[in-house]
Amino acid sequence: MITFDHVSVTYPGASAAVLTDVDLTITAGELCLVVGSTGSGKSTFLKCINGLVPHFTGGTLSGRVVVDGRDTREHRPRELADIVGYVGQNPLSGFVSDTVEDELAYGMESLGVDSSTMRRRVEETLDLLGLADVRSRPLLTLSAGQQQRVAIGSVLTMHPSALVLDEPTSALDPPAAEEVLAALTRLVHDLGLTVVIAEHRLERVVQYADRIVHVPGAGAPLVIGDPHTVMATSPVAPPVVRLARSVGWSPLPLSVRDARSAATSLRERLRDHAPSPGPVEQLGELVASAHRLVVSYDGVIALAGVDVDIRRGEVVAVMGRNGAGKSTLLNTMAGLQAPDAGMLDVGGVAPARLAAPDVVRRVALVPQNPSDLLWRESVNAECIDADADAGVARGMTRAVLTELAPHIDDDTHPRDLSEGQRLALALAVLLVRRPPLLLLDEPTRGLDYAAKERLATIVQRLAADGHAVVFATHDVELVAEVATRVLVLAEGEVVSDGPTATVVTASPAFAPQVAKILAPQPWLTVGQVERALAG
Amino acid sequence: MKRLPRTLHPLAWWLWAAGVATAASETSQPVLLLVLIAAAAYVVAARRAITPWSASYSAFMRIAVVVLVVRVVLYVLFGDAGGNHVLIRLPRVPLPTSWGVRIGGPLTAEGLISATEDGLRLGTVLICVGAANAVASPARLLKALPGALYEVGVAVSVAISFAPQAVVALGRARRARRLRGRSERGWRAVRGMAVPVLEDALERSIDLAAAMDARGFGRRGNVAPMHRRAATSLTVVGLLAICAGTYGLLAAGSPALLGVPLMLAGAVVAVAGFAVGNRASGRSHYRPDAWRGAEWAVATTGIVVAAAYVVVAHRDPATLDAISQPLRTPDVPWQLALTSIVAALPAFLAPPVPRPGSRSRPVPVPARARAEVAL
Amino acid sequence: MSAQIHAHRRLDIVRLHGRSAFALVVVTLVGVAAFTWPFFAGTAATAESSGLPHSTDAPWLFVALLPLLLGVLFAEIADGSLDAKGIAMLGVLAACGAALRPIGGGATGFTGVFFLMIPAGRVLGRGFGFVLGALTLFASALLTAGVGPWLPFQMVAAGWVGFGAGCLPPARGRREVALLAVYAAFSGLAYGLVMNLWFWPFAHDYPHAISYLPGASLGTNLVHWLHHDVVTSLGFDLPRAFGNFVFVLVAGRPVLAALRRAARRAAFEQPVVFTPRQVSA
Amino acid sequence: MNIARRAAGIALVAMSALVVPVQHAAARTYYNYWSYWHKPPGSSSWQYSSVGASGYYLKSGVQVEGWRFGIGSGSPSDPQPRPTDVSYDAYCAGKNTDKTYRVLLVVDYGTESGAPSGPVYSCYGFNDDDNGFQVLTQQHTERDNSGLICAIDSYPRSGCGDTVSSPAPTKSPSRATPTSVAKTSTTAAATTTRSSPSTQQSASPTLTTLPRRRASVAPTSPGPTPTTASPTAGVTSTQATLHPFTTPAATSRSTFPTGLVIALVALAGLGGGAWFLRRRAR
């Protein structure tokens, strides 16, 4: 079906090859999972399949890539469109037209499919992906999950025999990701499509994969094999796998279900241990407190009477479904949104009343898209700007940055940084003013495991330094890792507020994998278990 | 019998509007102009598409009023029309005669009325355009583009679907400035806001290009080379003819054949070239707007109205003349009065517009409907 | 470092060659005619001789003709020299332009449309500049329901603005920004004056001093036209010119940088090489 | 590519080919139009007006304004208003002596068959340097198109500066004899009641200064009031001044304004309908 024949890729201007001597064959009907940390070359690997590399990106490709008998040397991506469907990371940026139906039909139009067939395929696809009820909606009004499904549908209508997805969920929050992955697995099972998917939310897909390709990066040779063997060694692994490794189970369980059955003995061993309390919290003074806070955007109530106190040293996770008011809470605390009623006090004042410079001295907010905060041409320029804004000695920001994320090159363009590095830069730029309260909106979006771990340590260190950190997220693993307290919002109201362990284990929806495996025992993270077993 | 609701082919609406506008531009007879405006208003009220643009009619209405006012003010300022019914003599600002400009002077009833008529005529044309914008959402025109313009059409539809996001992004960037403790006002803010938005847009454009490429964009069907060549040569010849026609139109006293006729001939040839190229491009259209009886009917009404006015304008200009030279009660030829009513017929000829929720095709919400008129 | 190389090379991603260049020439010729015919249409009687019933029908004729010509031009340009990257770039930039247009509310005549098309024309080439200029106004007209007889004229005029930006002499750094800023101011003004021209003949009933006189000498009409501009539109054109100037002066540099970077990342004109499999050690 | 080169070639050839015939075609094109002439103070010969009527402002003193319908190429060699040697004193001797600007207006309908017999002469006096258009429209009606005067006193009924294939043999001005002048002047007086009432007034000395209008500016304006004029003239003038919205016989074709009624009904119906539909939509 898809054959890589000793393929190496070098981009123009780059000194080293991204991929060297890749040699594999993906058989029809296979679900091939491509793992690897950000920037390791996953995307390059995928783009080779439909010829985007090198036709679109430029560069040198040695060896051959043959898809269904067509060699990418002779066939440009558009000539492969009818056999390879390629879906990129951010669904919204791939859209050409403005409504769902038109978008689904677009590909077929350029293939010249006759109109009756087009009509039929569109209807099929609408049903297959459960989009029938939004068929005539503008794409902008869809949820992220729906948008990604439309993106997938828009290539399915061309009836490709292979589907290539480049991190289809990295830009989505977990619920949306669930939707998409559910749809995908249905495709694999119903249509028997060949699917090559790069994904970092392994916990959801790894159990469906027939084969895993691990791209270590830096041109190192790929590790290819069946999930169990690859996962046994892969540095990128979901919690369930890491737990299994540390306890030394084999065969390696890939799903919570397998793990639970393997975990009986472990539960025995852990019965007489108690989870070491997470990051010890010594509560400092109050930095922010809201009382009966009510906020509404043009008529719609976003926050309906929220009470919350935040003290130094706390790490508060704000959870809840989309539109529950998480972002609104953070924006209001950062003074972007004026409350309609109730009292909000950040560092002794109401933030909305203050001029921008005074606010940022008290509270820093990193928005969902950190690059909004960055508008200079290089990391260095960005840091110097920040120094000037904060009125501190030149180099301070740079120092903060180096301790958040070591070895970032001064001259790199902020946009060329990885998501993790960019987040670090945004943090540094804000933290240089040492605001007591730090707010993060969906910080883990687009981060791979490594980046997430780095973020976790950063947050813990900040808390230890006496900052108060509040972050809105869907990512239960991160919450389990760092949060000292969880605040669950629903329809603008606080439905539960308490220590992480109690809130998270209370409902399966918010439970991390380890907790699910070891329930009813209150273990949250692999780290805790390892510590318990070690000690 | 009950007609199924469907949206009329945008081209039909535009033909109708163009016809009425042409008619309006032929006369300065206020009564007729008012009838045309009323007709347009009635059609819009009856057959408005449910789009964010529906409001554009009133927007254009406002602009038309502005035009009228400006026109009259100009007259009052430079009032030097004929007529012997002097209402008032404004003091004249002494300016050297060589300038040829006089400010102030006599204001005559004739002048005032003719200014109003003139403004009213321009206003009516504007209102017709507004009507077209309101009944046929312009975005749907894109789907009617000929195949030869496919690529450009894609670019525009990308622009249309992305523009609202760009506006949102601008808002985000403004908030981001505040988050970094900068003020969101002033020239410097422009820089801080423009750059992130632009960067996002450009990054998006690259992803988009990849997505398009991967979805077979620009993949030409097996085009017969003779088709291609025919299209090309037709286009070239057409362009040449148009050039010559334009030249003939403007060159003093060139033979009549060299003017408009040649130009139109060229246009026809070029269009033919389009048609051929259209067949040549191996693309298909998903649910194209149908062109059925209703479309013919609506288009015809427009053409009829235009034709009637043009004919009268050339047969018997006096009747379409301003009523200001000399002042007189307007004498409206009854034929024209009747034809003007024809302009309102699309309200009944066009099928009812589909309610939202049914098969209507919504479009991204644009900024407040605003029309730019070069005045 | 490859950045530098590319920054110093003049890109031209919408190459005008053969038919497209010819079409552009025709559009420009006819466009010039469409704008300036009032000056050259000898007497109204001449117009009569070439088949024009009223001299006020001429603008309508061009209103009908220009879209067709633009269509031909775009078709020719799209045929071959416009790939997915170009289209996507056009699309988003036009969108940004359209999004910038409302800045200033239009009441002052001060608008951001030109803010992007000028640097873009500069960085991505004059052909691109022309198409971008025209499409920006087209898109924003569609978005704001501003479609009307003036649209083709606006498209051509804006196209010229973008094209001109692509033709400016080479300069780097501050001098480049200054150059662009001056050009932006100039084009802002020129755009207004030219756009008045298409509409002016409709104003034949305007007060004598500012109205179009068919048959009058070129000089007289020029004078009248200038009067007309001063009276009706200078109040809009000057703020526009000023706005353009400051825009480009303040944000020109980062915008140019961003465009160059994007052009680099989009890998326009990048070599695509295939080599047989190298036997790896 | 090569197609393009060929095309460009064709374009050049075509263009150059076009220029040649056009050049000498331009030499002889003739229009049937109203030409506009002046005799500024002190000059005794007609000067072809280079500017439009509303662009020409009166010079202080005694002068003659002329309009002539005839076939010409739009040049000073076109037929002039007759008689060429007409002077202010020939018709307006001793009138409006108190006015700064004294004008004799000559409107010559030309020699074609079916033309109203003319020329018609009127004398005016003004205190402001009004423009030629105002002078003409004092008592004549005109139809114009974008500043070009198409018809005076509804002559010709249609068309506007139409082209004619060849110049008709125009009477050379020299042949206009005093007798013909006398004849035309008398016929002018005779025809007034038919073609245009204004000429009657212009003939009557009392009305040439338009007393009502002057009253608004120059209270000291002398001269008898319209009522003292000859009965017919008196009637017409009071109509023209007191009831400005009278329908001249020239333009009204139906006694009962059918069209107007239909139009007004349509206006009411459609406007009301639109308003109602809008209301219901809300």
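By letter and in written order, the chains are A, B, C and D; residue numbering begins at 1 in each of them.
What we mean here is this: contacts are C-beta pairs under 8 Å (C-beta built on N, C-alpha and C of every residue); 3 or more make two chains touch, one makes a residue touch a chain.
This one's a predicted model, so the numbers in the text were calculated from it and none came from an experiment.
Which chain pair shares more contacting C-beta pairs: A-C, or B-D?
B-D
Could you tell me which chain lies farthest from subunit A when each chain's centre is the average position of its Cα atoms?
D
Measuring from the mean C-alpha position of subunit A to the mean C-alpha position of subunit C, what distance in angstrom results?
Each chain's C-alpha centroid was found; their separation is 42 Å.
Just curious, how far off is subunit D from subunit A if you go by their C-alpha centres, in Å?
Their C-alpha centroids are separated by 81 Å.
Taking each chain's centre as the mean position of its Cα atoms, how many Å separate subunit C from subunit D?
Centres of subunit C and subunit D (C-alpha means) sit 44 Å apart.
For subunit B and subunit D, let me know how many angstrom lie between their CA-based centres, rounded off.
So the centre of subunit B lies 36 Å away from the centre of subunit D.
Would you pick out the residues of subunit A that each touch at least 2 other chains?
Residue numbers touching two or more other chains: 55-56, 375, 415.
At least two partner chains per residue is the criterion; list those residues in subunit B.
Residues 80-81, 100, 102, 139, 154, 157-158, 160, 165, 191, 195, 199, 203-204, 208-210, 212-213, 217-218, 232, 236, 239, 243, 247-248, 252-256, 258, 314.
Note the residues in subunit D that touch 2 or more other chains, in rising order.
Residue numbers touching two or more other chains: 3, 7, 11, 29, 54-55, 131, 133, 145, 160, 163.
Using the touch rule from the top, collect the residues of subunit A that touch subunit B in their complex.
Touching subunit B: residues 47, 50, 52, 55-56, 76-82, 84-90, 92-99, 101-102, 105-115, 118-119, 122, 136-140, 151, 154-155, 158, 331, 334-336, 355-357, 359-361, 364-365, 367, 369, 371-375, 386, 389-390, 415, 429-430, 433 of subunit A.
Could you please specify the touching residues of subunit C with respect to subunit B in the complex?
19, 22-23, 26, 29-30, 33-34, 37, 40-43, 46-47, 49-54, 56, 58, 60-61, 64-65, 68-69, 71-72, 74-79, 82-85, 87-96, 98-99, 102, 106, 115-116, 131, 135-136, 138-150, 153-154, 195-196, 198-199, 202, 205-210, 220, 223-224, 227, 231-233, 246-247, 250-251, 254-255, 258-259, 261-262, 265-266
List the residues on subunit A that touch subunit C in their complex, please.
5-8, 12-13, 20-21, 54-64, 73, 375-377, 413, 415
Per the contact definition, I'd like the list of subunit C residues that touch subunit A in the complex.
Touching subunit A: residues 1-2, 84-85, 254, 257, 261, 267, 270-278, 280 of subunit C.
Within the complex, which stretch of subunit B touches subunit C?
These residues of subunit B touch subunit C: 21-22, 25, 28, 53, 56, 59, 70-71, 74-75, 77-81, 99-102, 114-115, 117-118, 122, 125-126, 129-130, 132-134, 137-139, 141-142, 146, 148-152, 154-160, 162-163, 165-167, 170, 187-188, 190-191, 194-195, 197-199, 201-206, 208-210, 212-213, 217-218, 232, 235-236, 238-239, 242-243, 246-250, 252-256, 258-261, 263, 267, 270-271, 273-274, 277, 310, 313-314, 366-375.
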